[in-house]
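Multiple structures are listed underneath, in structure tokens.
Consider the two complexes below, in which subunit A is the common component and subunit B and subunit C are the respective partners.
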Partner chain A sequence: MIEIVTTGALATVQDRGRDGALKWGVGSSGALDDLALAAGNILLGNDEDAAGIEIQIFPFQARFTADCVFAITGADCAATLDDLPLPPWWRQTAKAGQILNLGLPRQGAWSASRAYLCLGGGVDVPQVLGSRSTQMRGAFGGLDGRALRSGDRLRAGPANNATKHVSFGLSPPALDLPLMAGDLPAVRVLPAAEYDQYTEAAHHALWNDVWRVTPQSNRYGYRLEGTPLLPVTPIETRSHGIVPGVIQVPPNGQPIVQMRDAQPSGGYPKIGVVIAADLWRLGQAPIGSRIRFIRTSWDDAIAAGEQTARWLAEARRLVDLHCGWTRSH
Partner chain B sequence: MISDQPRISLLGTSALLFEAPGATELATQQRIWALAREAEAWPEIREAVPGMNNLMLSFSSPPRRCEPIETRLREAWQAAMPLPVDGRLIELPVVYGGDGGPHMADVIAHTGLDIDQIVEIHSAPTYVVYALGSHPGYCYLGGMDQRIATPRRKTPVVSIPGGAVSIGGAQTGVSASDGPSGWNTIGTTAMQFFDPARDPPALLRPGDALRFRIAEVIR
Partner chain C sequence: MTFDQLHDITAWMADAGIDELELSGPSFWLRLGRGQTQARDGQASAQPPGASKPPCQVVTAPTVGVFLHRHPLHAAMLAPEGARVKAGQALGLLRIGSLLVPVTAPSDGIAGAMLIAHETVVGYGTALVALHPLER
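Here is the complex of A and B:
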């Protein structure tokens, strides 16, 4: 269905993630911006567990080898189809032979660093342990358990039959659900087990200082730079299960936020956890950008998840209206 | 002071962490296995994941209130009897030292023992698989003789190969696939620990036992 013409490193097939394999040491993987992938699937009438391509190095170029409906979400990459500009967060039809090109993410109305290319019917790779996401460490899932390379060919599953030739888009959540603290993008954090064992200065820095996303940030973890976070006395913890979003603090005091390729267990102390509803925001924070942490409560974190769910429900409703699809939800 | 009460903390809205009190030991781990078996049947729990004398419970969806599940967890812990798992005994032939054990010299330097003593001490015990984690198929083992404990490396190694037998602090383990590690690699084995096409995909389960057999010592 498509053939990769040019790609930088680390474009991978991802779906919403792999659940239920933690007990075998298998982390969740899945799209760093799960909201963008979900929106792409909604635009195409795909199943919610359909896989797309996560792209984080540009330019990226692919050739359609068959007529195809597709959508690009996430970062605004000045996408073109045979040199014709495409709006971001848009559903589009391609003819066999047409070339899709994604350029550097534009830091305009919103700032983002990863784009998602979704195909009608979803990227058709085998499910492994219940998911199509690429498991880099285990070298399985996705396309042969690895990042995409030039010359790779990917098929799409059967597209939604109700698909018509409709050109339609969505307003991105970065615009609909902005979250800022002062003048900077922010993510909400719940304190974790070792929070109370950090100094007052560390608590103050966590909630008030600016954190820079260093170049050592990737799908495994975001290494942040700022005032070192120091415990009152050195903390020893036994290896235990962790989840994406956990903010670990190694002895140097520079926090690492675990992301979707994080290992499912760890031993570093945890000062907090970025709530699941805000992980997509961090996943889109460009290298070198600065963010803030906002302390939140359980109830507000639950409300944030519900707000995201409402955004997705509204996206489904709008797409149904425009495309005239009838679906059970 | 070490509390005699278990500790429960949140991992954001995705999971909670239950930590058993006391020193790390097998009897406590057997109660953790029992607790995991019970908790994974609760409707609000997606997965119960044992760690080292602790248990992570991931939520199928975040509960409206956490207190009821925390209370239930504490009660289940009080009632949990050590679950003796009738595990299998797996023997791993290990080539100690040489190219496959690039950090043997560091363990020798730290412990003051010679290579033969280290190999003898490392291969003597029957290690129990406490939990899986870190990467697909990796096992956390209990039972290492503390005479060969060696601190984690100051700078992690970018990639050690699958099959690497290593020591990190008070623990020993075997890498299931290539990847970064801060542990000291003292030998290598050819066993394949993980195959996603197998059911279950991981070779070892909590409660299984592992013995390292000396295949060769390269001095």
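Here is the complex of A and C:
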């Protein structure tokens, strides 16, 4: 269905993640911006577990080798289909031979770094341990367990053809569900197991200082830079299970937020955890950008997840309704 | 469709403040508007009469929604006046909740003036933007 023409490193097939595999020591993988992937699948009428392509180095070019309905979401990459400019967060039909081009992300009303390309019917790669996500550490899942390369061909599953030629888009959730602290993007954080063993100064810095996303940030983890977070006395912990979102603090006091490709265990103390509903915000924060942490509660973390689920359900309802109208023409 | 039904429909339109209604069925095509009514029996593929192309087209709203001149992420207009646009390109958007429906150029051309202000609620068929033919 599509052939990769140009890609930088690290474009991978991802779905919403390999949940339930931690018991085998296998991390979750999955789209860093799970909301963008979900929106792409909604635009296409795909199942919610359909896989797409996560792109983080640009430019990216793909040629359609057959007529195909597709959607682009995530970072605004000034996408074009041949010479037709496409709005961000958009669904479009391509004819065989047409070329989709994604340029460098534009940092306007929303600063983001990862784009998602979804195909009608989903990217058709085999499920491994219940998911199509690429597991880079274990070299399985996705396309042959590796990042995409020029010349790779990917098939799409059976698409919902009834509404094939309709083009439309969705308003990005970053605009509909904004979360800022002062003038910076923010993520909500729950205190974690070792929180109480940190100094008052560390607590103050965690909640009030600005955290810079360093260049050593990727799908495994985001290494942040700011006021060092120091414990009252040195903390020693045995290696234990961890999940995406956990904020580890190594001895240098510079926090590391575990992301989707994190290993399933670690030994550093945990000062907090970014709530699941906000991991996509961090996953889109560009290298060099600055973020803040907002302290939240268990109940508010659950409510945030429900708010995201409502946004997706409403988007799916509106898309279904719109495609229904179009079918009757 | 009978004339009694037409009477009902025009009454409903007046109640709802709708200026124009277009309806097509398996064997009829109907257009009702304030001060103008057209109807035709025959095949559904029948097109509205008087289809000789004017030099400047007016692109109308494909659905009800909030008319946007620019994408919510962008400061720049989708199709500033004078810009060359491709057939199928979005000249504006209609927002319905989080859904963004394009107001697309029916043919290649030069984007003309916006006929309705940014962020105005518009009804189906409202004239939204002018599209000029490409100069030969």
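Here, the second predicted complex is superposed on the first by the 322 of 329 C-alpha atoms of A that agree within 3 Å, B and C clash if a C-alpha of one lies under 4 Å from a C-alpha of the other, contacts with A are read in each partner's own complex, and residues count from 1 in each chain.
Note that in this section contacts are C-beta pairs under 8 Å (C-beta built on N, C-alpha and C of every residue); 3 or more make two chains touch, one makes a residue touch a chain.
Remember, predicted model here, so these are calculated numbers, not experimental data.
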Answer with clash or fit: subunit B and subunit C placed together on subunit A by superposition.
fit
Which of the two partners, first being subunit B and second being subunit C, lies in contact with A:Gly245: first, second, both, or neither?
first
After superposition on the shared chain, which partner residues are touched by A:Ala301: those of subunit B (first), subunit C (second), both, or neither?
first
After lining up the shared chain so the two structures overlap, which partner does A:Gly169 touch, if you call subunit B first and subunit C second: first, second, both or neither?
second
Partner, of subunit C and subunit B, that touches more residues belonging to subunit A:
B
Looking at A:Leu318 after the superposition, I want to know if it touches subunit B, subunit C, both of them or none. Which is it: first, second, both, neither?
second
Given the touch rule stated above, what does A:Ala109 touch, subunit B (first), subunit C (second), both, or neither?
second
Figure out whether A:Ala277 sits in contact with subunit B (first) or subunit C (second), or with both, or with neither.
first
Here's one for you: vertex at subunit A, rays to subunit B and subunit C, all C-alpha centres; what's the angle to the nearest 10 degrees?
160
Mind working out whether A:Ile287 is in touch with subunit B, subunit C, both or neither, as first, second, both or neither?
neither
In the superposition on the shared chain, how near does any CA atom of subunit B get to one of subunit C? Answer in angstrom.
26
Under the touch definition given earlier, write down the residues of subunit B that touch subunit A in their complex.
7, 9-15, 17, 19, 24, 46-56, 58, 62, 64, 66, 131-138, 140, 176-177, 179, 194, 196, 200-202
Which of the residues in subunit A end up touching subunit B in this complex?
19-26, 128-129, 135, 137-141, 190-193, 238-246, 263-265, 270, 273-277, 298, 301-302, 305
Complex interface listing, subunit C residues touching subunit A
63, 71-75, 78, 86, 88-90, 93, 95-102, 104
The answer for subunit A against subunit C in the complex is residues 76, 83-85, 87-89, 108-110, 167-173, 175-176, 311, 314-315, 318-319, 322, 325
